[in-house]
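What follows is subunit A paired twice: with subunit B in the first complex and subunit C in the second.
Our next item is the complex of A and B:
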């Protein structure tokens, strides 16, 4: 009976109900997007950092990984020290630099990583094999496109320019043995990787025994934060960044989007709440006589309140799935806009769908729907029966 | 002061401790920064006579293109760029944020439009009895529709004025907050004339359309039915 009356009341004003459902659906879409935005960046970044299982990043003192051109000297002894620690499962030393490939139209410049292929965590192999020999190279699609090469080709590349001799320095003939996808590089950034020893040799004596970064994977059960403190105590000339630290840094840099998400999410919820409250207030005012009659024939006040709350909740429940579907579509579109941020790793998503986000949005909507129905229904059910009936009869 | 923490280094006399003015070219939190003489930093870093970049002032804007061409002809291992081109390149972040805001703005406008439409419809439907009385008194349907539309337009205009006021206040709060967070005099939110015109026009059009639709529906319903008889 309760649901039948609520349904009849909603159907009586189809246009009004449809508009309310549409309004709440758009608010719900915005709310879901903002809930996804507020937690998506952090989760996406965390999964990116942990995708290869490395929990610690070791960078030159006072810097973040690849934030500057600074390098760590005596890195081989550092790596040996780390590998000797019982909690450490794997250490991947990485040296960064630039690779210049001479072309008829001018040199193509790309980022190059010198690494140990067997323990690396910077790229995923798409085609071919890892660069195991000193003269082997793997590159991403952007790089291969720019230099017009494929897996199996050879390429002449240099690590720098010698301004005195007006020539390239550290020139090598390298074989392209693999096509890769770099995990931390931006979508269109040209990138390549060669063995660490090769890049050091190409960069000259200054680079011998240096690395830009060392990534550390711990054994299961090891505490990353405790290990961070241990490594910083053992090697004071480096900064150790744990996944937690890195996420905090990203949080600070992108706090604007989190705040925007909170503000717009709150506004969306408020708009949905106001819309349903207004609708229910008008609807209840129209039915004051009807409610007075129900009260006069013995229907309890709580039952009348429950009927109106059910109407508000029904609008929210019908609108929520529509809004959630609309929210997923708009989130995809908004994510495609923010993915164009310069230097942003390809895999970072600002809007990450998590079931918890959808449940949070749905829960907030249903709660606001219930709240929006309580006040108008309680007010109307509390009016005096006789004066209301008289007013309705006299007009 | 040395290039590595555990090595003996030079003695540096701190000449001044300065508080940087907020820079319109930077949107960043307050960071520690040290300024050194170029030669001292080169020596400290073992950079030799290398520099990361240098800036050139040309005598006249017309000379810039020629200077860039001549430098790039002679250059090896570096390249000259026009400052304006670098500004465009480095403002990509702003362009992305701007596109994102525009998309959010469109969604907000759609939500507001539906909200406004719904409110206007409810507002007019509240007038059922008044409309019924007017019709029974012999007032023509056209006059009733006009009066309802006029009322809807007045409500839309008043609402728009209040909305512009709230928007301006919110914009001021946003600017104060983010200028403090990012230490910049850049304005994050500006209420321009175009935006005000768009908001007022949109609410006026929606208000009139909603009022007209609802009024038309009301005058087509028999007056006694509107009275609930």
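Our next item is the complex of A and C:
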């Protein structure tokens, strides 16, 4: 009977109920987006860092990986030391730099990574094979488009370029053997990778035995934070960043994003709450005589409150899936816009859907629906029966 | 459901020194001034008097939807003038039937569902509840209208549904506030006949009315003026020999 009455009351004013559902759905979509935004980048970054299984990143003292152009000297001995540790499964040394490809209209410049192809964790092969020979190169689509080459072509490239003198240094003829997708590079950033030894040779004697970064994958069961301390003690001239550290630092840098998301999410929830409260207040005021009669014939106050809470909850429950669907569509659209933000890795998502986000949004909505029904219903059910009926009879 | 004889009668309503004041700004306006009377089981009493004489206030106090300023109200042996809200609600549900001038049916529910409302509240479930509602609809002559909503019923039909709703939990006392006030003369006459049938079948009725025909149909007429009872007459056919 409770549900019959609640349902009947909602369908009595179909247009009004439908508009309220739409309004709450928009509010729910905003709420979901904000919940997704508040945790999305962090989770996305975490997943990115762990995607290749490397838990430690070793950078020059006082820097973060690729934050500066600083490099680690005598890196070969560092790599050998790390590989000798029993807890270490794999070490991937990486040297960063630029690659200049001369064209008639000027040189095309791209990022280049010197790495050891068998242990690298910086790219995924899309087509072709890894650059195993010293004169082999793999590149992403942006780079291949810019230089007008495909897998199987050759390209003349240099590690240094003097724009004023139009002079190149460290020139090599390289064979394009693979098309790749770089994990940590921005979507439109031109990128390539060649063997570490080749890049060192192209950059000259100063790059000998240097790397920009060494990534370390630990064996199962090894504690990353403990290993970080061990490596920093063994090699004081480096900074070791664990995934936990990196996420913490990302958290700090993104704190304003989260604050923004929390504030906007709270506003969305408040708008939905006020919308349903207004609707329920109007609806209850229209039925104030009916409610007084229900009380007069012996319907308990709690039952009346429950009926109106069910009505409010029903609006929320119908609006929630609509809102969640709308939220996912808008999140996808907003993500595609924000993904063009300069310098962000292609794989970073601002709005990451997680079931927990949906449940959180749904839980908050249902809770606000219950609260929005309680106030007007309790107020109306608490009015004196006799004076209310007298007012209704006169009015 | 047969009417008890007056020899078996015992008070179903006992009102003693009942007063009800309403604060109006700085003033206190007395609506009832020390009213006392009893209503026996099986009686059919009409309370009449000019507007503002306190008859609706008296009915509200009998119906436990208002509290007296002083005095006592005992219904079916239970003091009801100072019940908690929860106890008063339960008392109304099980012991009192209300019929209002404006019917006050739930517009969103059908005729049958309106009758089921107090039955559901009293804990009757499923088929038993539906059967009871149908029996009551048949009693008031609306068995073919059970699926109609109030907006699809005439005024007289709505009042019949309201009466069936009031009878749902077999109340000890049926209270009616101007039950013919919104009805035309012909439908009003049908309603009067229905009340007489209800009383003949054993229902104790107290009705507040301006309708002389309805008052004449009652076995007892209580006249009120300025918050007091000025006369209390029993119809000749009901007077003890």
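In this text, the second predicted complex is superposed on the first by the 389 of 395 C-alpha atoms of A that agree within 3 Å, B and C clash if a C-alpha of one lies under 4 Å from a C-alpha of the other, contacts with A are read in each partner's own complex, and residues count from 1 in each chain.
Heads up, the rule we're going with is that contacts are C-beta pairs under 8 Å (C-beta built on N, C-alpha and C of every residue); 3 or more make two chains touch, one makes a residue touch a chain.
It should be emphasised that the depicted structure is a prediction, and the values quoted were computed from it without experimental measurement.
Trainee: Superposed on subunit A, are subunit B and subunit C clashing or fitting side by side?
Mentor: On the shared subunit A, the partners fit.
Trainee: Which holds for A:221: it touches subunit B only (first), subunit C only (second), both, or neither?
Mentor: neither
Trainee: With the two structures laid over each other on chain A, which partner does A:23 touch: subunit B (first), subunit C (second), both, or neither?
Mentor: first
Trainee: Does subunit B (first) or subunit C (second) touch A:205, or do both, or does neither?
Mentor: neither
Trainee: Of the partners subunit B and subunit C, which touch A:152 in the superposed model: first, second, both, neither?
Mentor: Neither partner.
Trainee: Tell me which partner touches more residues of subunit A in the superposed arrangement, subunit B or subunit C.
Mentor: B
Trainee: Which partner chains sit in contact with A:386 here, subunit B, subunit C, both or neither? Use first/second/both/neither.
Mentor: Only subunit C; A:386 stays clear of subunit B.
Trainee: Of the partners subunit B and subunit C, which touch A:340 in the superposed model: first, second, both, neither?
Mentor: It touches subunit B, and subunit C stays clear.
Trainee: Which of the two partners, first being subunit B and second being subunit C, lies in contact with A:4: first, second, both, or neither?
Mentor: So A:4 only meets subunit C here.
Trainee: Once the structures are superposed on A, label A:252 by its partner contacts, choosing first (subunit B), second (subunit C), both or neither.
Mentor: first
Trainee: What's the minimum Cα gap, in whole angstrom, linking subunit B and subunit C in the superposed view?
Mentor: Taking the overlay as described at the top, subunit B lies 8 Å from subunit C at its nearest C-alpha.
Trainee: Both subunit B and subunit C touch subunit A; at which residues?
Mentor: No residue of subunit A touches both subunit B and subunit C.
Trainee: Note which residues of subunit A are touching subunit C in the complex, please.
Mentor: Going through subunit A, the ones touching subunit C are 1-2, 4-5, 8-9, 11-12, 289-290, 293-301, 303, 384-386, 389-390, 392-393.
Trainee: Residue numbers of subunit B touching subunit A in their complex, please.
Mentor: Touch list, subunit B to subunit A: 4-6, 29, 76-78, 92-93, 96, 99-100, 103-104, 107-108, 110-112, 114-115, 117-119, 121-122, 125-126, 129, 178, 181, 227.
Trainee: Quick one: which bits of subunit A touch subunit B in the complex? Just the residue numbers, please.
Mentor: Going by the criterion above, the answer is residues 13, 15-16, 19-20, 22-23, 26-27, 29-30, 33, 61, 73, 160-163, 166, 236-237, 252, 255-256, 264, 268, 271, 274-275, 278-279, 282, 285-286, 330, 333-334, 337-338, 340-342, 395.
Trainee: Using the touch definition up top, name the residues of subunit C that touch subunit A in the complex.
Mentor: Touch residues, subunit C against subunit A: 56-57, 60, 63, 65-66, 85-86, 89-94, 96, 98, 100-102, 104, 106-109, 113, 116-118, 120-122, 165-166, 169.
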